[in-house]
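In what follows, chain A forms one complex with chain B and a second complex with chain C.
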Partner chain A sequence: MAHDVHDYVRTKEEQEYIRRKRAQEMRHMLTSFAMMIFLTLIAFTAVAAGFSTYLIVPIILLLAGVQVVLQLYHFMHLSEKGTGTIAFFMFSGMFVAFIVILTFVTIIWW
Partner chain B sequence: MSSIAKKSGFGATVWDYITSVDHKKIAILYLISGGLFFLIGGIEAMMIRIQLMKAGNDFLSAGTYNEVMTMHGTTMIFLAAMPLLLGFMNAIMPLQIGARDVAFPFLNSLGFWLFFFGGIFLNLSWFLGGAPDAGWTNYASLALASESHGIDFYALGLTISGFGTLISGINFLVTIINMRAPGMTYMRMPLFTWTTFVASALILLAFPPLTIAIFFMVFDRMFGSHFFDVAAGGNTIIWEHLFWIFGHPEVYILILPAFGIFSEIFAIFSRKRLFGYTALVFATILIGFYGFMVWAHHMFTVGLGPTANAIFALATMIIAVPTGVKIFNWLLTVWGGNVSFATPMLYAVGFIPSFVAGGVTGVMQAIAPLDYQLHDSYFIVAHFHYVIVGGVVLAIFAATHLYWPKMFGTMLSEKLGKITFWLFFIGFHLTFFIQHFLGLMGMPRRVYTFGANQGWDLFNAISSVGAIFMALGVIIMLVNIVLTTIKNERVGNDPWGDGRTLEWAIPSPPPFYNFAQTPLVRGLDTYWIEKMEGNKEGMIYAEPLGDIHMPNNSFIPVVMSFGLFVASFGALYHPDGYSWTIPVLVIGLLITFGSMLLRSLKDDLGFHIHKEDLIKDREGVKTDGHK
Partner chain C sequence: MDINKKYTPQSWPDHPETATMEGKNKFVGFWLLLAAESVTFASLFATYLALKDKGPSGMEFTAAGLFELPLVFAMTMILLTSSLTSVYAMYHMKNHNFKSMQAWLAVTVLLGAAFLGLEIYEFNHYVHLGFGFTNSAFSSAFYTLVGTHGAHVVFGLGWFIALMVRNAKRGLNTYNAPKFFLVSLYWHFIDVVWVFIFTVVYLMGVIG
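Moving on to the complex of A and B:
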């Protein structure tokens, strides 16, 4: 009921804690953003440098995997509390899909 | 509105069931239609055994035999075993976790009706120009060459019922993750709930590959694409991969709930806490994971190469480890228990040697070089009937006896139940044990007849006699059900006297809101803990008695599923060049999407059961312990 609602005033410590937490989160986001730019640069450089395809393709796939994880944890908030089940199902699904693709690539289409 | 059941006419009852979104009523619908398909599949099995009774029999022609054999497998897996298990999951799982319903009651109803219309569509093939005849695995080279519309019925029917199963699986996952009663942590969930959870996760990950495969098949057969047509640059092996990426997890979708049912039975009838609960849970999860890494063991003879065969052979053998863990845990649950051999316990005890036999032959086939000998022989037929009949069907029969009082409020006759068990159990071993040897003697599977000079006459005759025993067992079970329903002797909350989990703490059958107050869970085997502490009510409550919000019944799921049923006829006859096919397809899809739109736009806020009605209800119900 509306009349039951009390205005909640944060204590100074809580305010301070939240502020620090947000600052930290922001730092994480900026760091991973920088890392992602850097990883993208590596990928482009690898192609531009004209290495063998057998080197470039695995490197790009690996970097892509890292990017996905960074994206999920730092920008899509998978690192927060209460996301354990979601993460478990997502990674199980990815794992199954990975095995399928690996098998198809190696024994059907190679 | 009052929640006390009123006497209503037959038509009103039927309408109530058709439109119901109550998990317990949907469970009964699953049981009825799954049971019906089980009987149809059983009749097909009897026809197979009559045909193979003697050498050179002409009871069925070669073509009809292929149809009967295909429909037997397809019906039993997709339309009998899985829906029957989904029925028990629906009936029991929400009760075990202390929930009032599943997370999405509307979707639950939709899942059932999609399965139902898919099943009906598939079986209509018998009357509309011939059933599918490429085996339940429907390998693409055979399927694309099949001339009748049978394969089209298979592809479209399974697409529809596959949607239904996927919806049910997601629904159960959400229910178990979000709707457990306060205190019911993951590691306090009953084993049947755990296996429902893992099986639903397998449904979630395994059905999409099947949907894709069948989608390709539909387009290859009806709309001129060439995914599997080698002559046009397709690849027929991809069907096999996609099918078994689904197909192997599928057998775990069937067997894990069976494991859950037996886990409950062993604990109840040994009057002991499950031995190694944690190990059982982790073995279940592990089996679920391994299920996705082994599918190519169905394809050892395709020519994947020695490396692939070796990897998949090893992965397959690993599955024996968690399964072995389970078997030993069950044995140790029984060990030292105060065992009572009621009918469900007979099934559970019969299950262990039967399933172990099936598992051992499975490990034999995992050895790729040996599989070259066993492949496509009757040894394979014997193996998978040992795991599916010896595991899943025994579990379904056991659950029928165990949960009948909880679902219908009457006890099935123990005497007839035991007769059913012995007839079925003896018949099962008589039918299938000897097929191992037929396989080793060289009899290939899926042949419609054999010659008198091949030396397979006697063993086939014995196998057919066994099938008669199994049929008699099923008939006696039906008689049992009819007699019990006529007698209608009502039972209390805990008719077996040793119930351990929450479902036994509430009346049989439970009121439609299940729990007047949400229970508070204080440990594994919630009801047992309360009983042992002398709590007469069987549970303690997490909330005061208050109004309960319930969903309204809805007819929309039936219409939605019916639309896809209509659309399928349009797609099916499209390659014949009739002018009406595309309009029918469009009309069917319009019905489906129109009802989806209606559902989205029309607010359906449900209703409340008032506190006063709950109190009145409680007085009218028998809540004393057993008998």
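Moving on to the complex of A and C:
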């Protein structure tokens, strides 16, 4: 499928620009990583500190949610252009996932 | 698409993973797989939550009594770091730096193997305590959920190694760039699932 491949050779300036842009993106990735580590530390510390269960459970679930958003949008590049369709797939999957879990913990009991 | 075509950093496309029609199709197809995988894991999480601490009368095992946080914390940090190292690999892939990409992939594989080693140690420890797969509804649900995640880690490691070995002499081109990109997406997804496992199974298990 040769028509799909566009051979464009960047000029020196363009190459320098894209190199810097990528280095900057990588720094943003490191910031996301630092935040993920921080959120994980808060979650483990909150549980180890032994606060009330009714307080901790919503907090650690929220922290997990934030961490997943960071993974999806930064590490997995869902924030880039042209990812509308795949975001639709993923959120449909997560919606079904949510319903399944909701069903099992509320409607089904022993 | 010529798989032997050579590229330089200057001629390397901005988005090598979707530069070809094959790459574009793989990208969309792989996200469909990940969406389906999240439903698979949801059913296992739901089963675990419904069966947590349930079993025959007189069962001595509960999540609060069994799980210990230090080991889980170490596993979490290792897997999270391996997620970052695969981001580094993709950074070098986009800069058409094959050797650095291979090096960071190797670091990712080592961290993944360390995670797997700790998980095997943990399961082995539980089995020696008498908490085997057939012990109770709780144990079956626990091993199925965490074991399925572990199987994904095994598959991911095999995939990384296969790609690294197969393409070692080829270098980077628009034929294999989508392959490297997808395995790193898969690895991030494994980390996403683990975030919920350490939160829902271990942290919420310890607090009872």
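The rule is short, and it goes like this: the second predicted complex is superposed on the first by the 95 of 110 C-alpha atoms of A that agree within 3 Å, B and C clash if a C-alpha of one lies under 4 Å from a C-alpha of the other, contacts with A are read in each partner's own complex, and residues count from 1 in each chain.
Here is the rule we use: a contact is a pair of C-beta atoms (placed from the backbone, for glycine too) under 8 Å apart; a residue touches a chain by one contact, two chains touch by 3 or more.
Since the model is a prediction, treat every value here as computed from it, not as a measurement.
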* Side-by-side fit of chain B and chain C on chain A, or clash -> fit
* Who does A:F104 touch here: chain B (first), chain C (second), both, or neither? -> both
* Asked: By residue count, is chain A touched more by chain B or by chain C?
  -> C
* chain B versus chain C as contact partner of A:T40, first or second or both or neither -> second
* So, A:M29: does it touch chain B (first), chain C (second), both, or neither? -> second
* To do: Could you tell me the angle at the CA centre of chain A between the CA centres of chain B and chain C, given to the nearest 10 degrees?
  => 80
* Identify the partner contact of A:F89: answer first if only chain B is touched, second if only chain C is, both if each is, neither if none is. => both
* **Minimal inter-chain CA distance - chain C and chain B, angstrom** => 7
* Structure fact -> The intersection of the chain A residues contacting chain B with those contacting chain C is 85, 89, 92-93, 96, 100, 103-104, 108
* Mind listing the chain A positions that touch chain C in their complex? => 1-2, 4-10, 15, 18-19, 22, 25-26, 29-30, 33, 36-37, 40, 43-44, 47-48, 50, 53, 56-57, 60-61, 63-64, 67-68, 71-72, 75-76, 85-86, 89-90, 92-94, 96-98, 100-101, 103-105, 108-110
* Where on chain B is chain A touching in the complex? -> 177, 201, 204-205, 209, 235, 237-238, 241, 245, 289, 292-293, 296, 304-305, 308
* **Sites on chain C touched by chain A in the complex** => 1-2, 8-11, 13-14, 19-22, 27-28, 31-32, 34-39, 41-43, 45-47, 49-50, 54, 69, 73, 76-77, 80, 83-84, 87-88, 91, 94-95, 174, 185, 188-189, 191-192, 195-196, 198-200, 203-204, 206-208
* To do: Flag every residue of chain A that touches chain B in the complex, lowest number first.
  => 85, 89, 92-93, 95-96, 99-100, 103-104, 106-108
